[in-house]
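Next up: the structures, one after another.
Shared chain: chain A. Partners: chain B in the first complex, chain C in the second.
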Partner chain A sequence: MSRLGECVSRSILAGFYVGLMLFLAASGRGLAAEPYKIGAVFSITGGASFLGEPEKKTAEMIRDEINKQGGINGHPIELIMLDDETDPTKANLAVKKLVKEVPVIIGPSTSGTSLAVVGVAEEANVPLISCAASHKIVTPIESRKWIFKVAGSDSHVVGKMFEHMKKQGIQKIGIMTVSDGFGASGREELLRLAPENGITVVADERYGPQDTDLSAQLTKIRTSQPQAIVNWSTGPTQILAVKNWRDLGMDSIPLYQSHGFGNRKNIQLAGKGAEGVRLPLARVNIGPLLADDHPQKKVIMEYTKAYEAQFKEPVSSFGGHAWDSMHLAMAALKAVGPDAAKIRDFLENTKGFVGQHGTFNFSAQDHNGLSKEDLEMVVVKDGDWALAK
Partner chain B sequence: MTRKDWRIFLLTALLIAAFPWMVQPVKAVSHYVDVMVFAGIFALVCLGVTMLMGYAGQVSMAQAAFFGIGAYTSAILTGRFALDPWLAMPAGASLAALVAWVVGIPALRLKGHYLAMATLGFGVIVHIILNEEVEWTGGPSGMADLPGLHVLGWKLSTELAWYYFVWGTVFLALLFCFHVLHSRVGRALRAIHEEESAAEAMGVPTARYKVQVFVLSAVLAAVAGSLYTHFVTCLNPSSFNLMWSIRFILMVMVGGMQSLWGALLGTVLMTFVGNEWLHVFAEFEILVYGAILLVVALFLPKGLVSLFTRKPIVHNA
Partner chain C sequence: MDSFSLGSALLQYTVSGLTIGVIYALVAIGYNIIYNVTEIINFAQGEFVMLGGLFAVFFAQSLHLPIFLAFVAAIGLTGLTGFAMERLVIRRARSSTVLSLIIITIAVSILLKGTAMFWWGKNPYSLPPFSSGRPFIVLGAAIQRQAVWIFAVSAIVVVCLTLFFRRSAYGKAMLASADNPSAARMVGIPVRQMVLLSFTLSAAIGAAAGVSITPISLMEYDRGALLGLKGFGAAVLGGLGQFFGALVAGIVLGLAESFCAGYLSSGYKDAVALVILLLALFFKPEGLFGSREAAKLKRF
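On to the complex of A and B.
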């Protein structure tokens, strides 16, 4: 055979094989249903990695679990997860990328990164379920048609705290807040809600997230003679607040912490000093303490057991946010399929959805769906949480 | 500009103009247009850094602060006072210029790295102000729902529109910088960079020129900040901290300090490295940055542009 002939026959053969492969690939695709895509943006690394880590683990755990059970209506879930490294610019880019591919997005993890992306999701008409707290994420509702959030607002936490104070007859408080997004938002709500609850803020101290001593703030607060102290921060400063409060012998003035303290590691770090510290906490952290007939008991215990068995670490509020957002997205996909507009409408009309952080009742006016009743007041007792009286 | 520069200019402009049409059809890289918008915004800052560092031989650790001054001035004036963005932008630039002038005059009269020290402190101060002045800046959680930008009555609503607008601005700034470098001022700057005492002996008012370049770099950074505000439509102080000032310097060093083309190349490359390609390294990103810097400093002290040319691209005019 001539060389040209050989070349031609080989080409035909190659073409035949390629055609066959394409046919097989296409038919193979027809067998398994098209996967349902869910986009996720979490701060898996960077400053807020303590939020993103458990969120990532939880979302992946749920995906594997559902896919093992055969997916949603036969469609496996494909989770497209991106790490924003706790950087607003990167979060913005990540969501811009996702809105082109997925019908629903969960995350980001922090208020800062969430606020950096709400505009993108809104413009692209893709529903986004944020895992962060700031009320600005879902208000004003006119420009947040496509945005939802599963983390309770700071106003709920403050409301629960003030409710407990009123029961204890506390009227004068001193507050100390960290100067980052978390602390600033807490301070705003504390100052805003105090008057209507008949509480006077007699001292208002701030400190930096890197500060290594808070005695100065506590001493100043002591001079204004409050009946209780509220500390609002995350990370090492909330341990410092406990230690300095003990060292200064101020334990006669009860110390309230924000829900940021709601991690068992904090009790271990603060040691015996943490005894008696009070804080409002989401129920996901205290599954075993709930009464058996509590509506959330079942879902919380299931999640707690699965998570702790797989990752050998206690559950946290943050993983709970990922659970709530993931299950809301899945419920929407199950009901209406991968259609962004229908998912949005489904989410907005969801009522009585029992999750890790409460029973969600969304409405056209409220894209958070939680209230202060979804929190429990707890106190540190014998190195563990206990329900506060 | 020399003829060679013009040729590079046209080639680069063509490449930039064609870029979206090359990447958009490919789904996996179609979002590169977004990344390039950020790269363009950062490139404006880096042009200023090159002028200051590569030509005047001064290091500023506060470029992110000027970037922030521009961004927050635009955000506050348009968001809180409903001022037109096109009026807010020059306001931000003027504020940055004024601040740079005040910081620069005492620091640049002295020889040595006093500007680096002064700006190091100044950058931290600006970041603290952005964090603490909650009433004005929204504090650590920042500001959201800021207005977009209209150009000649058209709203820049797509990434593509933003892409061409931002890169158009970059090329205008580039032309301006070339113009400055090939004027008396540019020659004086290079003389300062080579040997300050000699320049002074030749009658070059070194302090004045250094301050002028510093002000120019601050203005470029502030304009970039304004664009950033209207593109992202939300702000957060963490985008304007010391780390970002260092990143800008790094971008310029990787590209090639003594070439405006180097600034562009370095910025685009490092923006992609930081936002796209190094994502896998996550927390170790800073180590990778360090490694890149080390490799460049050891083997390519004149930056990546030195790969393309044997001599520095900008000749004495």
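On to the complex of A and C.
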């Protein structure tokens, strides 16, 4: 083409662009108000993708639902979601990027990635609602002014577990934990809370998140003759624990799992082996088992039905975290608008917020707002959850 | 409380160590086959193990084939993947240096892992064991039925490979291509075909390991890397290119890990393989069974 032709075609293109921009700007102003931005960082791929997947799906589902209903006070929600690939470094970079763009962030998915970003959000004065469990995410509270979390603390889970053990007369336990942030934090709480509950930890074993066999650890625990075993991990290793426990003929010793086991897929993967496994679980997993007058029944059943209809897979604790963080962020945006400092204050003063994981009562001292009473002790029975006695 | 003695514990550690050890050995043998013919260290070897397991899940659960057919089909399909890898990637770059080829295998491993993630998603998958039933209890230690199958599969692989390399014309031709490619070409051995065969064969062996281990340890898209690393450790420890060495080193590695978890701290289990690998590289870089003279002649 000649230079002249090229020049002409370029100006046509440029003119078209300008026109389009003007049109978009005009129509945007006419149709809807400025969108409210919510930032999200989830581990959509990588080792913790089983957390990030349902979180991503839930957050997007809620966004579409609210936008269809006309948004928050007429403002549509814009969800800026980044994948940290279960890598603390990438999570840190993602949050650094988001704090410049959004007034509130939900996520990250894991304790490890959350701890890697609390400093960034704190420094930038942007409220961050983590979906992970470790209590270190929100303590010490003096340096966690802007950090909240919607997952119950490990100490609640351990407390619930020990309460059940005491009822069963169990005093000697063997514990096995995975050597990542989740396992290390669980191990710390188990060892810390055991003495005050009159429980002795007689074996303390660890393993890697990619391990293919746990029979050595289980065998070592067996030699110390505990009355119960606690396994604390997420992902495939907790199924390995069940399989090995069953195969080694150790099923006479009850097996407790952490709340990480709270996904029906785990029961399917472990097959019949999972029968009798006990764990403290958030109520979001067991909506149909709850009494009709339970305060959480309604929100849980609505979420469960919508999620299962759209994605053809059972709900999990993790999607529930995304629901809680997303709805808290939206409640704040609705009440105070897109102002980071006001959102922070609103979250800190939120009381009686009924979510998927319990009734949240935040305060200046407690940025989690849950307690062990927000958990139920369940047992795997006939391939499904049942309330434990 | 069950009566469980320290002797039973020792036996249990040994059984667990042996089970995982022969899997490492199979992965190491896969490295060796390709290394012998091409001097390439194929870092996609771990992904073959993962693919074997996941293909078997596909055949057994989506197509409802009986487990043995699924086993064979998964090995065949993974072998085909190895075939394709050589034909489509390695052959095109055949004039590159060995180092570039090794880097190419890393790229292939990332590609395979990514494809597996898209295809199967990120959840782990399980297979039913080859034969069902309670584990055997020997002197208080439990031996899973699947562990027996793993030993059987490994034994069959080792025997077949030995026969293949010692007796068959193809096997001998492969060894000849490894010893001296130019001389082999001169006596009429199609060296390229031997390279192709080596990739296919080692992919198939990796897949056999993958299918056998899936009923015990599940399989997901990113399991390949760690198994590949441990297998590589075993291959180096046994002396690169040594089949018998790989078998012994794999078992040594498996036992060391298991005993470390049992008697020291389970937290250090994964470090054991790497420490052994480093020690081997410092003090006996040619491996337990490699010869020092031969090692000097090799570039890697």
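Please note the rule applied: the second predicted complex is superposed on the first by the 360 of 389 C-alpha atoms of A that agree within 3 Å, B and C clash if a C-alpha of one lies under 4 Å from a C-alpha of the other, contacts with A are read in each partner's own complex, and residues count from 1 in each chain.
Here, contacts are C-beta pairs under 8 Å (C-beta built on N, C-alpha and C of every residue); 3 or more make two chains touch, one makes a residue touch a chain.
Not measured: the values here are computed from a predicted model.
K.L.:
One more residue to check, A:Thr45. First (chain B), second (chain C), both or neither?
P.N.:
It touches chain B and chain C both.
K.L.:
Just to be sure I read the superposition right, which of the two partners does A:Ser179 touch: chain B = first, chain C = second, or both, or neither?
P.N.:
Both partners, chain B and chain C.
K.L.:
May I ask you to decide whether A:Gly249 touches chain B, chain C, both, or neither, giving the answer as first, second, both or neither?
P.N.:
A:Gly249 contacts chain C only, not chain B.
K.L.:
Is A:Lys334 contacted by the first partner chain B, the second partner chain C, both or neither?
P.N.:
Neither chain B nor chain C is touched by A:Lys334.
K.L.:
Give one of first, second, both or neither to describe whether A:Arg264 is in contact with chain B, with chain C, with both, or with none.
P.N.:
Neither chain B nor chain C is touched by A:Arg264.
K.L.:
Look at A:Gly235 in the shared chain and tell me whether it touches chain B only, chain C only, both, or neither; answer first, second, both or neither.
P.N.:
second
K.L.:
Contacts for A:His294 in the overlay, against chain B (first) and chain C (second): which applies, first, second, both or neither?
P.N.:
Once the two structures are laid over each other on A, A:His294 reaches no partner at all.
K.L.:
Just to be sure I read the superposition right, which of the two partners does A:His135 touch: chain B = first, chain C = second, or both, or neither?
P.N.:
The answer is neither, since A:His135 touches no partner chain.
K.L.:
Just to be sure I follow: which residues of chain A are touched by chain B in one complex and then by chain C in the other one?
P.N.:
Of chain A, residues 45-46, 49, 179 contact chain B in one complex and chain C in the other.
K.L.:
Where on chain B is chain A touching in the complex?
P.N.:
Within the complex, chain B contacts chain A at residues 27, 30-31, 34-35, 38, 131-132, 134, 139-142, 144-145, 157, 159, 232-234, 236, 238-239, 275, 279, 282-283, 285.
K.L.:
Could you please specify the touching residues of chain A with respect to chain B in the complex?
P.N.:
Residues 44-46, 49, 82-83, 85-90, 92-93, 96-97, 100, 111-112, 115-116, 118-119, 123, 134, 136, 143, 179-185, 188.
K.L.:
What residues of chain C sit close enough to touch chain A in their complex?
P.N.:
For this pair, the touching residues of chain C are 1-2, 4, 6, 9, 12-13, 15-17, 19-20, 23, 117, 122-126, 134-135, 137, 141-142, 144, 213, 216-218, 220, 222-223, 226-227, 257-259, 261-263, 265-267, 269-270.
K.L.:
Going by the contact rule set out above, which residues of chain A touch chain C in the complex?
P.N.:
My answer: residues 45-47, 49-50, 53, 176, 179, 205-208, 210-213, 215-217, 219-220, 222-223, 225, 235-236, 239-240, 243, 247-250, 252, 265, 269, 271.
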